Structure formats: structure tokens, C-alpha cells
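Structures are listed in the sections that come next.
Shared between the two complexes below is chain A, which pairs with chain B and chain C, respectively.
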Partner chain A sequence: MQKRDAIISMKGITKTFPGGLKANDNIDLDIYQGEIHAVLGENGAGKSTLMNILSGIYRADSGEFFLNCKPVQIKSPKEAISHGIIMVHQHFRLIPPHTVAENIVLGLGTSFLSPLKGIEKSIKEFNEQYNLSIHPKTRICDLSVGEQQRVEIVKALIRGASILILDEPTSVLTPQEAKELFGILEKMKKEGKAIIFITHKLEEVLEIADHITILRKGKVTASMPSDQIAKKGSEAKSELAMKMVGREVILKVEKESFSLGNTVLEVDNLKVLDDRGIEAVKGVSFSVNRGEVFGIVGVAGNGQGPLVEAITGLRPPSSGSFTVKGDVGYIPEDRLSMGSVGDLTLAENSILTDYKNSCFSRHLLLNLSYIREYAEILMIKFSVVAPNVNTRAKQLSGGNLQRLILARELSKNTQLLVAEQPTHGLDVGSIEFVWKFLLEQRKNAGILLISGDLSEVLSLSDRIGVMFQGKVTIFESPFSDKIEEIGLKMTGF
Partner chain B sequence: MLRLKIEKRLTPTWKVVFSVTVLSIFLAFFVIGFIFLGYGINPVKAYIEILIETVGNFYGITQILWQSIPLLLCGVGLLLAFKASFWNIGAEGQLLMGSLGATWAALFSGLPDFLLIPMIFILGFAGGAIWGLVSTVLKAKFKVNEVITTLMMNYIAMNIILYLIHGPWKGEEMKGFAYTNSFPQPAWLPTLGMSYIHWPTLIMGLVAVAVIYLIISRTKLGYEVKVIGQSQKAAKYAGISYFQTIFWVMLISGGCAGLAGAGEVAGVHHMLRHPDQISLGYGYTGIIVAWLARGNPIVTILTSLLFGAIYVAGDVMQLSFGLPFQIVNVFTGMILFFLISSDHLMRYKISFRREE
Partner chain C sequence: MEWQLWIIETLRRALAYGTPLLLGTLGEIYTERSGILNLGVEGMMILGAFTGFVTTFVTGNPWIGFLMGALVGGAASLIHAFLSINLRVIQVVSGLALTLFGLGLTGVLGRGWEGQPLKVSLEMFSVPYLKEIPILGPIVFTEQNVLVYIGIGFALLLWIVLFKTSWGITIRSVGEDPATADALGINIPLVRYLCTFIGGVLAGIGGAYLSIIYRPSWTQGMTSGMGWIVIALTIFSLWHPLMAIVGSYIFGSLFYLSFRLQPWVAPELLTIMPYLFTILAPMFLNVHRTLRRRMGAPAALGIPYSREEE
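Entry: the complex of A and B
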């Protein structure tokens, strides 16, 4: 069979963000007409960055694009649209109080006279063609999320999309809506459109994609037609899962074992709602004892956030219960705007969660000289590199900032420490440092580690809970022969 | 090829802040120069005349000091609120309610003479504080945007005073004018020499600066204010109660504006009269005074003097050139416009790079 030419191909795309994170590392990708191409990867694998580059929102540091084998430049979303490349973002770009037609017209730059009439006609045409049933005069805020997504798709079609990028399109949909979406995509595929489908859900990829590319840590780890996988069966699936979350070896971490102490956290059938009022934690039970690391691993967005917020007292649970022994030390995932305050000094940051303690403040006043001394001691003990304690937190590198937060939370002598993505985005040296201190802390406390990084959880944990869609499955050590099972559980099998 | 590159600055140094600020004020003066031209006045001559009449003689300087008293009190109070990212636009109304409290103390409290002045300040503070706290409760308990409530509360305060001076508090001695009776002599604030400077209020202003400086730098409340102002997420994480903190912030912020109002009625007018005469927009100008001070309460002393001088300059423009009083608003508006624009410029630097 003669090899077809790709409608768009990307060669050697590399993008490094300020701060040194290499989001895309020399990525090649070929997209063909009439094909649904799934780009699969964990959060932070670089999928969204790659698609933002393709749709002109980001500029790549290096790399080339070929549209129908001719080199092209994509410098802005406008240029991308002129090439027929249109992205439907995970968070829709619609104006809620305006109607469907008004939203679609926006930015079209058509004639001086109101273009609404013409647009209403084309919406009707697309409605019939793809069986969409959206009414042009309905206001966006009266539509369901699934319907809003269809509006985005029609918007893309009217702008002349030949390559449609969908960023995590099913993450906001009910299973029924997802099925309908797949139907629409199948039709578009038959019309000869190329569809790029970004997701971290393996199941749905196998259901709909013609070709699968897996990204991990900014690199392509696999790219193959999906029928190859379907033929090979379940073994291929686990292969795919491992390519996505990484075939993890348990890293050699100096890890003496401590005898288990009393229970410091007992969670019983806990249910928690997220901001939208949807049940994000669906009845979770586990316990953490002093002397152990209990690691919760999962792809982001499976309920870890609301679970942590409930345990740390930031969000009331909707039902179930949990008991915590004493205070909770908490290392939040968002170290820049939650774990620290950028415009405050290191001294001020070093007491953030403990400023009411009588050694830092008496009556109304702060004990400034003691706070400075205390911060100096913390900085030496945890090797925080900074000119002095009056340095502002925002001037610190990620690793140094995390050391400061770690120093603060570990020095509080709490019996339970919740560490949420404690090494996310850090350099290797800082990661080892954080790990060492977390493991040491087992002497005094029980540690609840929440991480999306399977190798981290495997290396540090004494027990593991895999979180998927609000539920936790617990695995006991040793893990060496359960790695594949854990990886599959993370992706929903 | 020479290419222009715009880079972000993390923390602008104080030199940058100072020079950009001064430059933007000069730019504002430059643009205002065209307004003078429009009136057929030579802007250079006008500025020289204004300089002589304001900072160029003793009388001018006392006038500036006198005008800067309410600006200092409003500005430093607002600075505390802004530090907590609570956008209090309502110093004007808080000032008016302070003047209302002070008037009640002076005319209707029936206190012995020696208690009148202390009570004027206490009720002035309370009037402003209560007015500020209404918006606080609405924000903390019902999440109503404070910009809107504090602003709207200004109009409510204004109309309450209009009602009082036309109705129940209208003075008999005033023969049809909408004023209250004059305050009894013991309720008049003493002034410095022959000037209008009612020094007790000036001292209140300086004390407020000192207290707010200490609160911000040395107290638990100040720490909570700074954390809330920077990141509400971090505040929640640190276990800081938003309502409690903002309660104290607005008590002080509104109270300071209230003191300014008390000073105006007891030190200048000696009666309650039309709101436009009690406050020449001090509560609004206070926003710029606080903004310009960039978070440092001590600097509000300088910035309030600057705007005091602009007010006096406005008087000069009316008297010497026959310009309408509203031109002062154009003045302050222009300066605010340039300052707010400059705030963004400070965060970036422009460099030229040679590129092949």
C-alpha cells in the first residue's frame, strides 16, 4: 500500500518553559486526513503544550511544521486557523449570557451588516449534517456542558476546520454525552477531517482512535495504529499503560523500616463534593499509622484534591468521617500561592501555618527577632539557599522554596503529615532531599503522600492506594510484582 | 538588526519606582499644560505662578498642610485596607458619616465642655468605622463585591446628611440655609496661630500613620493582613479568618476617614453643611494618596502633602486665572491616570538586543 501524505506533520518540536521545564522534547507527529489521532499521556506529559503550539498559542523553541508536505509557519492562532487548525479547549471559550449564534459570529470578522442571519443558516446545516440539535438562539448559559462543547465544535467547523484538536473533551462529559461526542467525531472523520484527541483515559482511546501516540515527560514513547493493539489483546493494553505512566523501577532509596505506631489518620467511607457540587470522592476508607508512608497515586483529577482538602480541614466532607490525631502538617501541591506567599519574606513564610504559636506571637505582637532566628535555623537545617531571611519567597527557586515549606511543616512536630505532589517540578537534587526528609519523618509521624508520579509512590510508600474516579484500591507491599497491576488501575482497567 | 525586547522585572528597585513615579507626574503636568493652553494661558507662566503661590510662601505652605490633613487620614486608612486587597472606595462616605457623628457630639450630646472635643473624635471614628463595616459584613458573609458596596455607601451617606441638614438638624439661626447651627465654641478645634491648621486632627493623622505602620510591621493582625492581601488561598491554608481580619482592617480604615470628617466639621466649618463643602473629594483623592505610597504608611505623609499642594494649586488657578474649581479634578484625574499606567511599566524593562 502506498504511504499517504500527512495533512500536517510536526518535526522536532521542542519547547522549554522559563524555569527550565522541558515540556516538549524533540517531538515528531504526523496527522492524516480522515483519522482520529489520540495523544495520550499523564497530566504534565506535554500534550497540552504540544497542541497549544500547533494551534499557535505558544511558539516552539525549535521545530518545523509541514502542511500537506509544504513547510509552514504557525505564529499565532490566526495563522493556525488560516491553515484550518482549530482547537476546542478543555475550558470552553464561550460567553455565557450570549446566544449560540452570537458566540459563533464573534471574531469571524464578516461584513459590516449583522452576520447573524447567515450564521443561523450555517448552524442549521451543520445541525443536520452531524445531528447536533443546537438552537442558534439559545443562550450559552442555558446549555448543558455537552451542548456547549457541540457549540465549540460547530464554531470550529464554521471557521473551516480541517484539523480539529480536542483537549480532554470527555473530562467534562457524562458517559452518555461522551458516546454522542464519539458519534459526531466518527461522522467528521468520514467527511475527511483530521481529529486530534487529547486524553489520559486509555479506555476511550481504544474505542475511538485510529492511531495512538503516547507522550511521557515531553517525549514520544510510542506511536502506533490502534488496530495493532486491539489484535494483541490485554497484554498490549498493559504495555500501553506502562508506556504512559512509565515502566517504573523501584528506585533505591535508603529506607530503614520503622515499627508501626498508633493510628494517626482513620478515614471511613468518606465522600466529598468538588466545587461544582459533583461527588469527587466516592466513599474512601483507609488508615495511616505512625512510622509509615501511605502513598495515594493516581492521574490528576481523580478526586485527590478534594480528598486532601477534606483531611486538612479546608473542605467539609458530604458524608462519612475521618479522625486525625493532633494537628496536620500539610505540604500543599500549589507551593507558589498556597504553600508560600511570594511577596513576604522567608522569615514571614517560615511561620505561615504556625504564626499563632505562642513562641512567634504574644497577645497582639509578633516576636520578630525570634522569628528571624527561627527562620535562620530552619534555613541551615534544610539547606535553603538564599541571601538572608529578608529575601522574598518569590525570589527562591522551586527546590529552595519547597525546602522551606518542608522545613516549616516538619518542624511543627505534628503526628500526621500530608504531602501533596511534594517533588512536582523539582530538580533531581531537591527530589532526593525531599524524599530523605519525608522518610526520616516517619520516626515521629505517619505520612500521607499524594502523587501522580508512580515511581515516587513506589519508592517511598509502605502501602499504596490507587485513586481512580473517586475510589481508592489499596495495595500492600512488596510492590515489585504488582507494578503493572497498579499502572492499569491508574488508567482505569 | 537591533531588536526591542521586553522583559519582566520581578521586584522593581526603589530607584525605578521613584523615578518612574516622578516621571509620570511630570508627564501628567505636561499634558495638563495643554489644558492651560486651551484657556489661553501660558503653561510655563502658570506653573511658576502656582509654585510661588503654593510652596513659595508661608501662607501657601500652611494652606497645603491644612488641606493635607483629611487626605492623610483617608489615605493611610485606605492603605491598610488595600494591603489586605480590600478595595475600599468608600472613604468619602466614611468621612461624611464621621462628620455626622462629630456633629451629633457637638450639638446634641449635652456633654460638659471639656468632653466635647474627645467625644467629637470618638463619634467621628465610630461613624466612619460603622460605615466601613457594613461593606465588610456584606463581603465576608454574602460575598458582595466591596468595590460596589463601599462606593454606593458614599451616596447613602451623602443623602443622609442632605436629609439631616434640610430636615431635623436644620439650624434656626441659619435663616433658610441648609446648615445646622454653629457648634458651641468649646467644640471648635484649636488652630495653629493664624492658620487654618486644626492641629489636633493633624496629630491624629500622624498617630494613625505610626499606628498603621506598627500594625503592618509588628503585629499578628498585620501579618494576617499581608497574607490575605497576597493570597486568600494561602490565608485559608494558614488558618487565618478572613472576616475577623477584614473586620479590624475596616474598623481602622473607616475610623480614620471618620476622624478626617470630624476634623473638617469641628476644625474648619464648625457646622454640618452640604456634603460637597465638607469634603472636596478627600475620600476619593485618598485612594491616590494611598496608591502612590505603594504600601508604605510613612510615605502617605509625603503623598498627602503632594495632593494637598494640588488642592491649593487649584485655589490658585481659580483666583489667579479664573479657571473653574473642577479643573482640580482634571488635575488629579490626569495624575492618577499616568500613575496607574506607570505601575505596569515598572514591572517590565525594555532592552535592545543585537540580533543577526
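Entry: the complex of A and C
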């Protein structure tokens, strides 16, 4: 094979977000014409950040771009488009009540009086070229998700895309639609377009990609042509999976074991639909007993959200059942919008889920002085650092806010505690703190831990359920010799 | 035969009564289509009415009166545009403030002008030949003022621009999803400023119509709630310029009827009809989900846009 020049190459891209998170750390990436390049990684691995930098939405702190070996600047989406770099976002940028043609011409600078005339012809040409069936006069809200995606692709092609970035393109598609998408991508590849395909699904990558780059924690951990992997067989696949989820170690957490108590949560063949009406939880059964941590681990978007929402009563299940014994404490993933009210004081937030308790309120009135005292005690016990109990919740750092929520939920007399990504985005000190209290809470309750962080789940759990595409596979401890298997299950093998 | 003449007369007068409503509504449709909610229509109309009256009185030329009314209405709308686009204040508050500001300012400035009649106004005329058309002739082409036709002309023009041109696509997109439009290189603040300005200009002309043609004099608070009916009509017409014609004339005929039927029906009963319709229209719309999505309010109406929130 002759040596070619990359159509676009990125050198040493580094991006640190305010707050210190290094999302991209010295990343090199070469993209070639007529090639489908998969960028693979877990959620938070930095793939979306990298692509947002390439498409001009974010600015890198350092690093260079070379378009056909010439250095270029990409400072805005407009500049990226002028280089032919166009991104199809995971959430489509389409206006639902407008027609396909209206969406495509927006911002194109077509003629004033008959803006849609030429477009309808071009859409027809693309329809024939790629075997699509897009009707220019249909409204977006009448299209299926797969069709909307095709509109986005045509929108990019009409703008002259030579490098097309697809962000998690199959996450919203049915398997049939995904197959059709792959067909379209194959054709585009033959036309000489470069396609960057962002995903966390290893299997589909092997099917479609020519080259695979794996990101983990902001760094490139592997980059190779996919036929190399295919040749080596399953061993190479597992190697790849481990490079993606990491070869985790079980951290040493002091963990006394408690004797199992009664069952506090019994989930039986539970099915839950997501917002789009697609079955996101496909018949899941498990139970949680007092005295244990049951950890559900999985790459985000495999049905964990709808599962938790069903158990906490936020979303009705479509079939199956679950029984909860006693009260449920809930530590939501989004601590600012779901876990607390930013504009209320810490004292008010500390009784948010328990204000009807007779020690906090009598008849219509809140017992404010008692609530303040109670909040002060909680803050000391859970080392929440804040000026006083009248501080607003939104002024707290993530770690302090999480401690307050933890304090609130653990101080209620709950039998089941649902902790969703409880350490997401926290510093090391806060993580240890949260872990310690979660493990201690096993004395009184059963804990359902949902996390994307494999090492967290391995370290805390007594039993593990791996969630992939709406199904859960349960692993019993000890886990030390099953880590590889768990990692593979997370990526769908 | 008498009731037929009576209906024709009602409809003929409905055009005259409905024209200020039509002008205001067309403007508010544009403002809201770009995502800005301007509740200051009443204020912009009264400012237009006052300036129109004073300018016509001084210059003796009603056209200069209309021009000044339009400019002052437009200038007032820019206050709202600045507050909601640049400072991103709550648009309801800013719009209400504009209404109170307009009513208050004209109340103070207008004291000396109260009760002085305009000596010049725009003549009523009938269109030769066209007035001979049965039914349509006596309604549309007999004894009307030229602003009636200008209003209809604006409605047609603005309808074509909004639904048939690239500007229209841009305006509607900005009102539905500014983030998407922004990503495609549309200048969101510019579009919103222009549309708010159009709203102010048309409200100003509508106001000037009241003090120059409708009742050629100045009375404090002479818009008497027309600005609110415009807000109601904008919703009632489902943000569509052609529907605005229908709505404005229906409400115009109600205005006329509230005078004519006074001996039999309490006039208040008829003047509250617009508000009743306005409550019923969205209710009807909300029954059907796809209908709401297609014809409902612009999705980004009243929501400030800034790129950082991405």
C-alpha cells in the first residue's frame, strides 16, 4: 500500500476545562480520504471534546491542525465548514416544524425569492447517489430518527463536507436503520469522503471502520487499522475492549462484610421505555438485600437511566414489576438539578426529601430553628464546608454538595439507597468520603449503586450486574479473576 | 333587504376598525416569530398615536404623521430589543414596562393637546369600477381610507416574505431554534433586532391610524387596550399573516357591533370576545399534538439566547 497524506491531521491537541478536567491530553490523529475512522471510548474519554475542537465549537488550549499537510486554524464552526469539516451531532440540529428543504437551506445564502428551488434538485441528486428517500417537503417532526439523521447527512454534503464527523450515530437508531446508515457511509467512503465515526460500541466499529483509535481518559491508548484486529481474532478484540474500559484494579477499600438481611428491592423482568418510546430496559431481574452493595456497571446509555427512573418512581415501567421494602433514598446523578435546589439554603436543602417529618414541621409551619440546628449537625458530621446553613446550595463545590445530599439521604431511615454515579466529577478526597459512607450504610440498608466507573463498582460491590443494551448480567464475588470478562460484557461481547 | 345592507355596512366598517389591529398584529407576528415576546404593543401604539397626531397637527401632512408614528414606535421597540437581546432580562417584564412607559409619557406630554381636532386627515374614497362588484364592491371598495389597503398589502407582503423567501426561513428558524441557526452562521441578535423593530414600526403606524384617521384627535389612553387585543390576535392567528387579516376583521366587526348593538347588548360583552377567542384558540390547538407542533408558538419564544449556554 502506498503512503498517502492525511486529509486532516491533528497534532498535540490538549484541552483543559475550567475546573481542571483534562479532557484531551496531547492527542494526535490522522484522518485519510476514503476511510472510515472510528474513535472509540467510554463516556468521558474525551472523544466528543476532540470532535468539538475539530469542528470549531471548542478551542484547543494547544495543538495544531494540518489540512492536506498545510497548517490551518479552526476557530469557529464557520471556519471548520469552509475547510469541509462538518459534524452531525448526536442530538440533531434540525428544526422540527420546518420542512426538510427549509432545514437544509438555512444559512446557505440561497436566492431570496425562491430559496428552495435549487435545493430540491440537489436533494434529489443525493437521493439517487446514496439511495436515500428524502422528500424535501416533509416536515422534520413527521420523520423517524433514522430519516432525520439522513437529512443531517445531506445537509452536511450540500455544504460541501469532505470530512464528516458522526457523533454516536447509531445510539438512536434501530439495528435495521444502523445497517442502512452503514450502507450510506460505505458509499460516501467510495466517493472519497473521510468519515470520523465516534462511538462506544466496539462491535459495530469492527464491522464498519477501516481504522480504529481508542481514547481513554483524554489520551490515545491505541490506534490501528481494523483488518489487523480482524486477523488476530477474538484475543485482539478483548485486548481492544480492555484498552477502552481500562485494565482495572480493585482498589483497597476497607470493607467489613455484613450478614445479608431481608430483601429490600426485588426487580422482576422489568421493561422500561425511554423518552422516544424505545424499550431501553429489556426485561431485567435482580434483587438487593440489606447489608450489600449491588453495583450496576455499564457504559452510559445502555438503559441505566430509565432503570433508575423506574425504581425511584420517576418513570412508569412498561411491563414487569419491582417491589421496594421501606423507604427509598436517592442520590441522583445530576446533583445540581435533581439532587438539590440551587437557590434554596443548605438548611432547606437538608430536609428537602423529609420536610413532612414531624420533627421538621407541625401542621403548616416549618420548625425553622430546629431545621437549622439539624443542618448544622449534618454539615459537621459529613464535613460539608460552607460559611453557614443559610448559604445557597448552588454556591457549594461539587464535592461539598454531594456530601450534603449524602447526609440528607443517609440520615433518613431508608431501607434502600439508590446511588447513581455518586462520585462522578469529584476529587479524590470526596470520592473516598462518599465510598466510606456508602459502605457504612450497608448496616441499615441495601444499596443499589449505578456507575460507569468499573473500578468504583469493583471496589464497592458485593455483587455486580453488567448492563448492556437494556440487559443485565450478574456476577458474584470474588471479582478479581472476572475483571476481563466484566470489561468485555460492558462492551457487548 | 334591510338586514343585507346592515351586514354589508358592518363588514365595511369592520375593515376600518380592524386595520390598526391588523397592522399591530402583523408586527407582533414578526417579533414573536423571531423568538421575542413584546408585550409593549399598547405602549408603542400610544406613542405612535401621539407622535402621529402632533406631527400631522404641526405639519398639516398626515403622511409625515404616519412616518413619525412609525419611527417612534420603532424606536420604542428598540428599547425592548436591547433589554431582551443584550441584557437578557425577562421579556414579559420589559414589555410591560414599555407599555406603562408609553402610556405614562404620552399622558404627560399630551395634556395640552387634548381635545384639539385635526384639520387634515386622509380622505375616504371609493374605488371606481371595483365598487360595482356585487357584495365585495360595497364592502371593500366603497368609502374606505387608503390605510385599509396598505394594511392588506402589508399582510400579503409579510406573508410572502415569511413563508416564501430565504429571510422568512431564517426568521422562523431563529424563533424555533436559535442554537441551530447560530451553528449555521445566522446572526441571531441582528435578526431579532430587525424583527422587533418591524413590530415597533407597525404598532406605531397602527397607533397613528387611531389619532389621524379613526378619531382625528388626541385623547389620553386612546388606544384603550388595542395593544392587548393585538397580543391576543397574534396567538389567535397562529402567528400567520393571512390569518391575521381574518382575525383583525372579525375583531374589528365586534368593535363596530359593540356600538351598534349598544341598546340591546352590553358593549363590554362584545369587546371581551377577542380575549375569549384567545383563550379558546390555544386550547383548541393543544388538543392535537402534531397540530401544536406545526402551528403553535415559536419554540424559543421569550427565551433569551446566548452561545455560552451550549
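What we mean here is this: the second predicted complex is superposed on the first by the 488 of 493 C-alpha atoms of A that agree within 3 Å, B and C clash if a C-alpha of one lies under 4 Å from a C-alpha of the other, contacts with A are read in each partner's own complex, and residues count from 1 in each chain.
In the analysis below, a contact is a pair of C-beta atoms (placed from the backbone, for glycine too) under 8 Å apart; a residue touches a chain by one contact, two chains touch by 3 or more.
The structure presented is a predicted model; accordingly, all values stated were derived computationally and were not measured.
After superposition on chain A, the partners chain B and chain C are seen to clash. Judged by the touch definition given at the top, the superposed model places A:Asn444 against neither chain B nor chain C.
Once chain A of one complex is fitted onto chain A of the other, the partner contacts of A:Leu366 are limited to chain B, with no touch recorded for chain C.
Contacts of A:Met338 after superposition on the shared chain: chain B is touched, whereas chain C is not.
In the superposition on chain A, A:Cys141 makes contact with chain C only, while chain B stays out of contact range.
Residue contacts after overlaying the shared chain place A:Leu352 against chain B, while chain C stays out of touching range. When the two structures are aligned on the shared chain, A:Ser287 is found in touch with neither chain B nor chain C.
In the superposition on chain A, A:Tyr330 makes contact with chain B only, not with chain C.
Across the superposed pair, chain B and chain C touch chain A at no common residue. Against chain B, the residues of chain A that register as touching in their complex are 314, 330, 332, 334, 337-344, 348, 352-353, 355-356, 361, 364-366, 368, 392, 394-395.
Contacts from chain A toward chain C in the complex involve residues 57, 77-78, 81, 93-98, 102, 105-115, 139, 141-142. Considering their complex, residues 164-167, 169-170, 172-173, 176-177, 179-181, 183-186, 290, 293-294, 299, 310 of chain C touch chain A.
Those residues of chain B that touch chain A in the shared complex are 10-11, 218-223, 226-227, 230-231, 233-234, 236-239.
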